[in-house]
Amino acid sequence: MKENKGMVCWMIFLILIFMGLATSAVAAEKMPYKIGANFEFTGPWAEVTKTLKMATVMEVERINAMGGVDGHPLELIFEDNGFDLGRAAVNMTKFTRDKEILAVVGPFEDNLQATTRAIAEREKITNIIICPSNPMVRALKQRWAFNIAQSDIIVSQKLVDLCLARNYKKVLVFPAVIPLAQSLADYFKRFGEEKGMKVIIAKETHKPTDIDMTPQLIKLKPTIEQEKVDAFYACTAGPPGPIVCKNMRTMGIKTPILGTHAFGFGFIIALGGEAMEGVEFGGAKPVVPDQLDENDPVRPIILDFDKRMRERYGVGIDQLAGYAHDTISLIYDALKRCQGKVTRATFRDALENTNSLKNCHGIYNYSPTDHDGLSKKDMVFIRIEGGKFKRIKFPGYE
Amino acid sequence: MPKNLPACTKPFGEGRFGGQVSEGGQTEDFMNFWTYLPQLLSSGITIGAIYALVALGFVTITRASQIINFAQGEFVMLGGVITFFLLKGLNLPYFLAALIAIMVVIMIGFLLQVSVVYPLRKASVLILIMATLGASIFLSSTSALVFGTLPKALPPFSGEQPLQIGGLTVVPQSVWVLGATFLLLIVLYLLSHRTLLGKAMEATSTDPLGADLLGISRNLMVFLAFGVSAGIGAFAGILITPIFFTSYNSGTLLGLKGFIAAVLGGWGKNSGAILGGFVLGIVESLSVAFIPSGYKDGVAFAILLLILYFRPKGILGSPFIDSRRW
Amino acid sequence: MTSLLIVDEITKEYDGIRALDRISLEVEKGTIKGLIGPNGAGKSTLFHLISGMEKPDSGKIYFKGKEITPLEPNEIAALGVGRTFQTVQTLGNMTVVENIMTGMHLRLKGGLISSGLWLPWIKRTEKEALKEAKEILDRLGLLGRWKSPASQLPLGKQKLLEIGRAFAMKPDLILLDEPASGLTPTEVEQLSERICQLKKDGITLVVVEHHMGMVMEIADEVVVLDHGKLIAEGPPDVVRGDSKMVEAYMKGKRLNNYR
Amino acid sequence: MQTKKEFRKRDFFYLLPLWLLSLIVPDADDLYSYRSKEFKRRELYYLGAVLFLPLIWSDPHFHHLMVLAGIYTILALGLSLFLGYAGQISLGHAAFFGIGAYTTAILTTRYAFPTFLAFWASAATAATAAFLIGKPILKLKGYFLALATLGFAEIFLVIVRETQTLTGGVIGIFGIPWFSIAGFSFDTYLKQYYLTWGVLLGLFLFSKNLVRSKLGRASLAVAASEDAAKSVGIDVAQIKIKVFVMSAAFAGFAGSLFACIMSTANPEAFSLGFSTLIVMMVILGGMGNLYGPIFGSILLTYLMDILGRYQEWSLPIYGVILILLLIFFPDGIGTRVGIRLIYLIGYWAKKKKRDEGKL
């Protein structure tokens, strides 16, 4: 009995000492720069978010292994917002409360981005948003919000170039009821008609959850035949793309299919099977890491990143992994360029002054008027052949 | 690079393609609608068969105990997803994978009954609804965790090449679906009308006390019913995954549609479930010809409201509607 | 028409079986009518028809000279027909006093908004209602437990409470459906006292009862039903001697076994 | 002898935290006791907590969380009138919430309404919609009523997605101004906190009065036994409609506040999952008890926030917790804990008396 008590006292004493040592040890090295990540770990985007998490974690560990930003390690803090508006906003507040957090990455869902960006604007914290596809959100001229994605404007311009190269004069657009698809369709129509094409946006639409597009296609088939459209633009993202292709081939429509840059994922081909053969779209460079030009400035970065991803997780990179990589390296770059004490304000200014930073997706240039970064030159034409993404080139359009 | 973003300075919605639809986009001329009627019908019938299968799952449980299992759709999802996992992950032969998947899902059904429904057997309707909804949340999110949220596509049973029957082209898989549906219907009919077990299940549902007095264990019957319905669900899932991709969250909507089908045909009747399923599928796919396809999901629920208001018994009439619970 | 309630040639069928076959009877104002008969004779069915819970296949029902056959139950209740149920249906999720005040529903005023804002007149009405309800409980001898949940009362008290709820409507006619079933003899005594009190208040009653002694004691007139047919009617003493009734109801036994 | 001492010690251990709990946990016999006008001391505790907690614990995250919880509570309060008192089931209240939010969004962004007017307008719109939909639906019972309301919610979502010219379709509506009364705009979380909980307090008093009035008794009677209710002349259908419309109006208020505070309205926020969440709040808090919704919604909002840390696991854990809570507290945590509490206190008091008697 007594011995036990003595033991306990000793234990507690030792533990206290150790804790003291530990704290002092922590205090010795420099405080980490914290980055909040406000992602949809559950809900429809879970898979996407998994990729983002893997890539970001890997990059951060690499940077820390290299000694961090002049001694300060980077630290990521993940929060799940469960695809829910309220929870996303609350997470944002939670991050802003912690004074050491310099920036918040995400969320991924368009409808949540509007709120978090508003909060970021109010609380004066940088909010880096991956793939803001909602035109209303992306276009909000906000000081504290930065976008990492090919804006739907350049995607549409690239696709118009593809049509011109292929000499498609008349294109039928079959849009999904998601913000990305809607703005893509609008911009495609505008730029296409500037270039003298005839773009028909079908009244028929489809939901991301639709499992069978045959009825809509049946209503579109007469249009395709009467108007003799040269190409069919499946303006959608995710599973509906392959479904559309499959149903079209099943119905025996032979029109060539154009896709969005959201077609550039392995699972799309896996779902569509041979129906996907011959689909063309303008995609990002990480989709075809091995087929870039020798003199492409971003080629080494992509190959290196691809190698490390394969070593660590056994999967190659895709566009999203690329976005994650770009996010972290942008932050790293900005932190290095911060003058004096690193605060949220100085970090934001440094990030806004990012200039010709080479990254997976291309060369980033931020400026007070432009928070989008990428340009049309950072995209390539891609065709699906033999169950693989194959880069195609056209003289004059690059 | 300076950007002009006129689309974003526009007021919301206005000028999105509610407004700016071009001339050729819509085909109101019914000439060529009638020519494509068979095509619409065939796709409607395929989906209808799926709804019918899901509805059968609901009905089976209801016949044994007047419970609605809102997790029914998840059984369908799990059937497809687990088969995919076994097939692609463990490289099992197709038939074996399907069999194991069905077994696993049946086990899950048993577990669901034991862990959720049995403890709440005396609880009110509301509690049961919420508990099964919670179960469906758990199942779907867990499958997302284990198998990933990417949609899965199984290879079709026989060939990818669409058959040309007269004017219309049919995927061979839909023939499989139809055949399997009717096979299952016959089996269930025999089970519920020819065997003692089926009669016992029905007895427990219509008159629980009497069944108890006859020495039929009600809980056992509910237990078995959950297993059977889970099996049916998994079967449906395996059938549809080659045609329509199954992803972790496709269960809920399918479950609701299946329930609507069951109510439409006549609540608590196998034949009603089948009929309702086909009617719902056909009406849904035909409705697209007359209204913008965006409203397609609304159609099913509109049908639900109408049928509940004007004829809650459903088309074939229902043995359970009179009971106080409905 | 002098009679308060007139049932005229009503027939009710449940898939083929005639629960009631062209029954007609009259209830004078201020009397107690006993309604007896073996199980399945259609007594409760008759009550359901009168209170509008079910609709007759043919025939008409008049109350205060007004036809009430097509009316909804709550409308009939609004005309002044209160009733109790065979299986006691006190509102278990409320206190005893609230049960009584629920009975006063039609007599209280108060809309959605006004009662939500608890405007002065609502306050006044509620206070008066509470006072009156307590008086009623006092008469029923339940005032001691006015705050306890109704579901916690013993069966006898619950039956009393149900009668009290019906009485709180200030009706002209109360239909009592087997008020004495499952009660101890002493409780039955109390019950019959209360019923007689109600009669003194000038309320007409129709009582369905198996408990012969009680019916014969309190009823002014007795009606005997058997398999949906009215086989005897008249004052208790007359009916008691009636041979048809004896062999239909008593299965040939002597009646005084039952007294 | 010694064992007895230990018992007393253990009781004491239990009692201190339980007494503290009793300040936040709704009273068990609120279920039954005649709903009296005068406030109890416990209610003053609640009021004090609501007023001063944010000032004492001034943490924006806490404020923001409580703002959300307050909005959900308003919605759950309305639902508990329909669910707990009238005993009907509705899985479609997210739709009324959405109607409220969209009314505010459209009125303020398109027609530059002052938010205060839009606030009332959204409640009116939601109530009207409830009246129209309720007339046919409310004759159903049990499962079918649940399914019908659910179907209504789904149809509402489809309509919102499709009528792009009005609601902006899936893109939604952005830039809704802060809630403001006479130029005073609620732009910080603290102000929003007081706004939300002020509205909640008003609606709470309103429904407290409603519940102990004629209408409340009638709806309780409908829940208990429709036959009995009819037999005393209660028009069951009318009562159901009234309560349904009332709860829809509450949902409209909540939706309007939500739109103002989130400054955006889009269809994703009003799906079936949200209806489920709200119903869970009502059930877990304890039905037929006006404190239940408050307790339940605060509980679940915090639960969701804490679960956010367990990234991928949050949703499965949530599902399990829901099921377990339903199995072990089918009549609400609040009620259950309250009853235990009272039992224990009573037991302890008795025991004390007995011991004194012995000494």
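When the chains are written out, they are named A, B, C and D in that same order, and each has its own residue count from 1.
By our rule, contacts are C-beta pairs under 8 Å (C-beta built on N, C-alpha and C of every residue); 3 or more make two chains touch, one makes a residue touch a chain.
Everything quoted here is computed from the prediction, not taken from an experiment.
*Asks:* Please give the intersection of the contact partners of chain A with those of chain D.
*Replies:* B
*Asks:* For the interfaces A-B and C-D, which has the higher count of C-beta pairs in contact?
*Replies:* A-B
*Asks:* If you average the Cα atoms per chain, which one ends up farthest from chain C?
*Replies:* Of all chains, A has its centre farthest from that of chain C.
*Asks:* Which chain lies at the heart of the structure, taking centres as C-alpha averages?
*Replies:* So the chain sitting closest to the middle is D.
*Asks:* Between chain B and chain C, what's the gap in Å when you average each chain's C-alpha atoms?
*Replies:* So the centre of chain B lies 50 Å away from the centre of chain C.
*Asks:* Counting in whole Å, what is the centre-to-centre distance of chain A and chain B, each centre being its mean C-alpha position?
*Replies:* 34
*Asks:* In whole angstrom, what separates the CA-based centres of chain C and chain D?
*Replies:* Whole-Å distance between the two chain centres: 40.
*Asks:* For chain A versus chain C, what separation do you get between their C-alpha means, in angstrom?
*Replies:* 74
*Asks:* At which residue positions does chain A touch at least two other chains?
*Replies:* Within chain A, residues 42, 46, 50, 135-136, 140, 177, 182, 207 contact more than one other chain.
*Asks:* Give the residues of chain D touching no fewer than two other chains, as numbers and ranges.
*Replies:* 161-162, 168-169, 171-172, 174, 312, 315
*Asks:* Touching at least two other chains at once: which residues of chain B meet that condition?
*Replies:* 12, 16, 141, 144, 292, 294, 297 - these are the residues of chain B that touch more than one other chain.
*Asks:* Under the stated touch criterion, can you name all the chain pairs that qualify?
*Replies:* Between chains, contact exists in these pairs: A-B, A-D, B-D, C-D.
*Asks:* Contact residues on chain B for chain A in the complex?
*Replies:* Within the complex, chain B contacts chain A at residues 1-3, 5, 7-9, 12, 15-17, 20-27, 29, 32-33, 36, 39-40, 43, 46-47, 141, 144, 148-151, 153, 160, 162, 169, 171, 243-245, 247, 249-250, 253, 285, 288-289, 292-294, 296-297.
*Asks:* Using the touch definition up top, name the residues of chain C that touch chain D in the complex.
*Replies:* Touching chain D from chain C are residues 51-53, 72-75, 77-78, 82-85, 89-95, 97-98, 101-103, 105-106, 108-110, 112, 115-118, 122, 126, 147-149, 165-166, 168-169.
*Asks:* Under the definition above, what is the set of chain D residues touching chain A in their complex?
*Replies:* Within the complex, chain D touches chain A at residues 59-61, 64-65, 68, 161-162, 168-172, 174, 189, 262-264, 266, 268-269, 301, 304-305, 307-312, 314-315.
*Asks:* Where on chain A is chain D touching in the complex?
*Replies:* By the definition above, chain A touches chain D via 39, 41-43, 46, 50, 53, 78-87, 89-91, 93-94, 96-97, 109-111, 114-115, 118, 134-137, 140, 177-179, 182, 207.
*Asks:* Which chain D residues qualify as touching chain C in the complex?
*Replies:* 31-34, 37, 206-207, 209-210, 212-215, 217-218, 220-221, 223-225, 227-236, 242, 246, 288
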